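Each of the two complexes below includes chain A, the first together with chain B, the second together with chain C.
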Partner chain A sequence: MINLIQSLLYGLTIGGVLYIISVGLSLTFGAMGIVNFSHGLVYAVGAYAVYTVAKLLGAGYLLGLVAAIVVSIPLSYLIERLVIRRLYGQAIDYAIIATYAVLLIGADSLRWVYGASPLPISDPVGVLWTFGGLQMPAFRLIIIILSGLIFIGLNLFFKKTLVGKIVVAGLQDREAVRSLGIKVERHFAIVFVIGSALAALGGALYAPLSTLDPYMGFEILILCFAVVIVGGMGNLTGTTIAAFALGMVHSLTAVYIVSSAADAAVYVVMAAVLIFRPIEA
Partner chain B sequence: MLLSVDNLDIHYGHAQVLHQASMSLTEGELVCVVGRNGAGKTTLLRAIGGFMKPSAGDIVFKGEPMSGLSLEQVAQKGIKYVYQDKRVFGDLTVRENLELAAYPTGESMDSAIEKLVAIHPKMKKLLDAKAKGLSGGERQILLIGRALVGDPQLLLIDEPTEGLAAIIIGEIVDILLKMKSKITMVVVEQNLATVARLADRIYVMKEGVMAREITQREIIENPSNYEEEL
Partner chain C sequence: MFAKIEKNQALTLGLIAALFLVYAYTTSLPRITDFIIFCIFVMGFDLLYGHMGQLSFGHMLYLGAGAYGCGMFAYHVSPNPFVCILMGILTAAGLAALLGQVVVKTGGAAFALLNLALNEVGAYLVLSPMHRITGGEDGLSLFFQSYGFINFGDSVFRFYFCLAVLLLVAFLLLRLVRSPFGNLLKAIKEDEVRARFLGYNTYLYKYVTFIISGAVCGLAGALTSVNLAYCNTSLIAPTRNVEVIFSALIGGAGSVMGAVVGGTAYMTISNYLAAYIVRWEMFLGIALLFFAFYFRKGIWGYARRA
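The block that comes next holds the complex of A and B.
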């Protein structure tokens, strides 16, 4: 029983990270109709920013988190202005090719700067939380709490702010928002930058649970696409539920079947969803 | 002259759907466009609204050419579009639908709400209801109220009574009649009785061509002459 609860808590951690990273991808997918592979680059840059500030500069993990977000903002702004904005209304293949190119260029640049060897970051909290027979690194609990806070924050943003309401309306009917005289793409761009900052934060949070490598963005991207497909493109509630559900699938498969099958189990769920609820062309 | 459309051609890909369509509108007029399905009525309205670029011809609003403007720019010039298929923002409340309409115009929310309530007082009770929960008639009223925010000078209304019960159609027509003379409108409509009540002038479209122009009196006196054309 304790093993199960512990697995579920680990699942919540993975779900939390997947949620933080996927929400931006889902919005870009749903709102702009763009498959954005460069999201994986922003995630990796977030992780490397933490490594640089916390480990290389010795300025601490918290400052590294801030650096990850700060670096992601101009980077995602440039990607939006120079690449994404030119892809609005274009065939989906152009978006895939262009954003995949950005991811490849970025990943190779990271390799050029930091090398190809995996780089570790130690647990920044270093405290083991114990309750009864349960044992859990406090850092993982912080991730769960943080993802909950981000969920609440994003909900407030989309329900209470004008930009959020414009994006919600734009997800439903972009043309109708434009016909009111609102430049909806400008508001989508704001959300694109927020989503990218969250991806960088996700990378920074996941870095101590894993190791860094220049191509880490590719792996996470496939998991995040699974979340977006299962949850529904642009569906914020669906993305949340899918992230945590797939986090559970990942964790429970790793514990009760075999850890190497954890990613595959997520793809199986995605495939099942595609069979029973195919994406409309 | 508030609006003049001259020799407008519209293509969907290689298919030409509008052939040298022309119409004009003076301030305060309510003009109906009638014709069978596929005659090009909605295409004409959407071209004026900035949703599609004409391949030839001119649209001039208050002396200014509109053909090259984006959808947002056309709305900001004072031309608002009321959709055919009751396209409200369903995940937002009635109040939030108005808030979005008020934002680019700078109009206050109090004033925006006042406009909606003025055309249909019952909407006051529905301000905090999600728009997706509204009936078809309430959605149509919300769309008209939303379009009135920012004091537009021209409303383009696409089939406002389509799919509505007879009693609701009466309410919508009453609302449009109340608005008449305060605002200029182009209304695409299939229902001859509605057209007879509303229109100052009527354009008849046929297979993408503006076939002719008739008056309200002609429809009232000889409705059977026109039933075939709708």
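The block that comes next holds the complex of A and C.
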């Protein structure tokens, strides 16, 4: 029983991180019809920013989180300006190839600077809460709470702010919004940067739970694509539910079957979803 | 000039054979054998990407299925090379027939990503739960029976055998894409809804094409494990998908000749230039961006039109 509760809580952590990363991916897909592999790069850069600030400079984890977000903004703006913007309305395969190329270039740059060997980051809180037989690192609870806050914040952003409303409207009918004289692409670009900043935050949050390596973005990205596909591309509520559901699948498989099967289980769920609800996008 | 060559089937095949012979005897036979096998893989991939218009980001799965189908049969059952290669093709085609039922119903982004996810699952299965029969991380060392001059231990024989297989596959694929079936694939690529409107069951055509593509890639995988005399997890690694996509793109997607040109070009770069390029993946990424933005026709597509 305790084992079950613990693995459910771990599932919530993974789900939270998946949610934080997948939102940007889902928005880029829904708004621009682009499969954005370079999202994985921003995620990895976020993690490395934390490593640099917290471990190499010794300035603490919180400053590292800030650095991750600060670094991701100009980086994602550059990616949007130089690569993504050229891909609007193009065939999807060129978008996949071009953004994958960005991921390759970025991962190789990270390897150039930091080397290929995995780098660890220790748990920044280091407190282990015990409740009965239940053991839970405080840091994981913080991730769950933070992902909840981001969920609320994003909902407010999309419902209350003008930019958010324009983006939601643009997701449904881009031409109609454009005919009102609103530059939809510019608003999508803002959302792209926000989504990327969240990916960097996700990387920074997940780094202490795993290790860093230059290709870390690739693996988490496929999981996030599974989330986006299961949740319905560009569907924000669907993405949220799918992120936590697949986080549960990941965690329960790791505990009750084998830990190495966790990723594969997520992909199997994704394939099963596609059997019953094929996406012809 | 190149356009004329492409119209004449015998000339195309003759040119491919002549170029590979010259290339092999001016450099090294074993290395060009690798090139030839890779070209078969690119042709199989390009049948889906160039001719049918669906980008798969997980075709290493079918290369791996062919390699392991062939390798496991050789290791556990019988070292007869021809039966092993046949088993490789059947494994890949069977897997494509099974997974294709789901994969082909999707399109565009979902098609690419579902293939990638399935490739991840396949690589995991080979590495961990099936490690007793696949050799896990160490892979399998293979031995193949020789019959007189049919000796797969001999690199000269392997070269000519692979070249013959390449020509056979190129011949069959050229026939396929120029048949009414190939025309329909082109129609599906241009506009699937309209093709469906004309009364064609486009799902069935896509499914069959997916199986053929899987079988050709499986053949390439089987030849790889015969050629290397081992098979390991690098033959099913999802991160290597970019190689075949890159090759199809630089050669010029949508033409059998383009696949051969692209495969040879990529292998030449990665075998001979990689030693001088310190940051290989960065180079690959920049080249990919260049081809995706400015040179979509590819080398062969450009030569054909010029």
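Keep this in mind: the second predicted complex is superposed on the first by the 280 of 281 C-alpha atoms of A that agree within 3 Å, B and C clash if a C-alpha of one lies under 4 Å from a C-alpha of the other, contacts with A are read in each partner's own complex, and residues count from 1 in each chain.
In this text, contacts are C-beta pairs under 8 Å (C-beta built on N, C-alpha and C of every residue); 3 or more make two chains touch, one makes a residue touch a chain.
Please read all numbers here as calculations on a predicted model, not as lab measurements.
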Classify the contacts of A:93 with the two partner chains as first (chain B alone), second (chain C alone), both, or neither. second
Specify the partner with more touching residues on chain A, choosing between chain B and chain C. C
Can A:168 be said to touch chain B (first), chain C (second), both, or neither? first
Could you look at A:17 and tell me whether it touches chain B, chain C, both or neither (first, second, both, neither)? neither
Is A:179 touching the first partner chain B, the second partner chain C, both, or neither of them? first
Considering only the touch criterion stated at the top, classify A:274 as touching first (chain B), second (chain C), both, or neither. second
Going by the contact rule set out at the top, does A:233 touch chain B (first), chain C (second), both, or neither? second
Contact footprint of chain A on chain C as seen in their complex: 49, 55, 57, 102, 105-110, 112-114, 116-118, 120-121, 124-125, 128-129, 238-239, 242, 245, 249, 279-282, 284-286, 288-289, 291-293, 296
For the complex, give me every residue of chain A touching chain B. 162, 165-166, 168-169, 172-173, 175-183
Which stretch or stretches of chain B touch chain A in the complex? 49-51, 70-72, 75-76, 80-81, 83, 87, 89-92, 96-97, 99-101, 103-105, 146, 150
Can you tell me which positions in chain A touch chain C when the two form their complex? 29, 33, 35, 83, 86, 92-94, 96-98, 100-105, 107-109, 111-112, 215, 218, 222, 225-226, 229, 233, 258, 260-261, 263-264, 267-268, 270-271, 274-275, 278-281
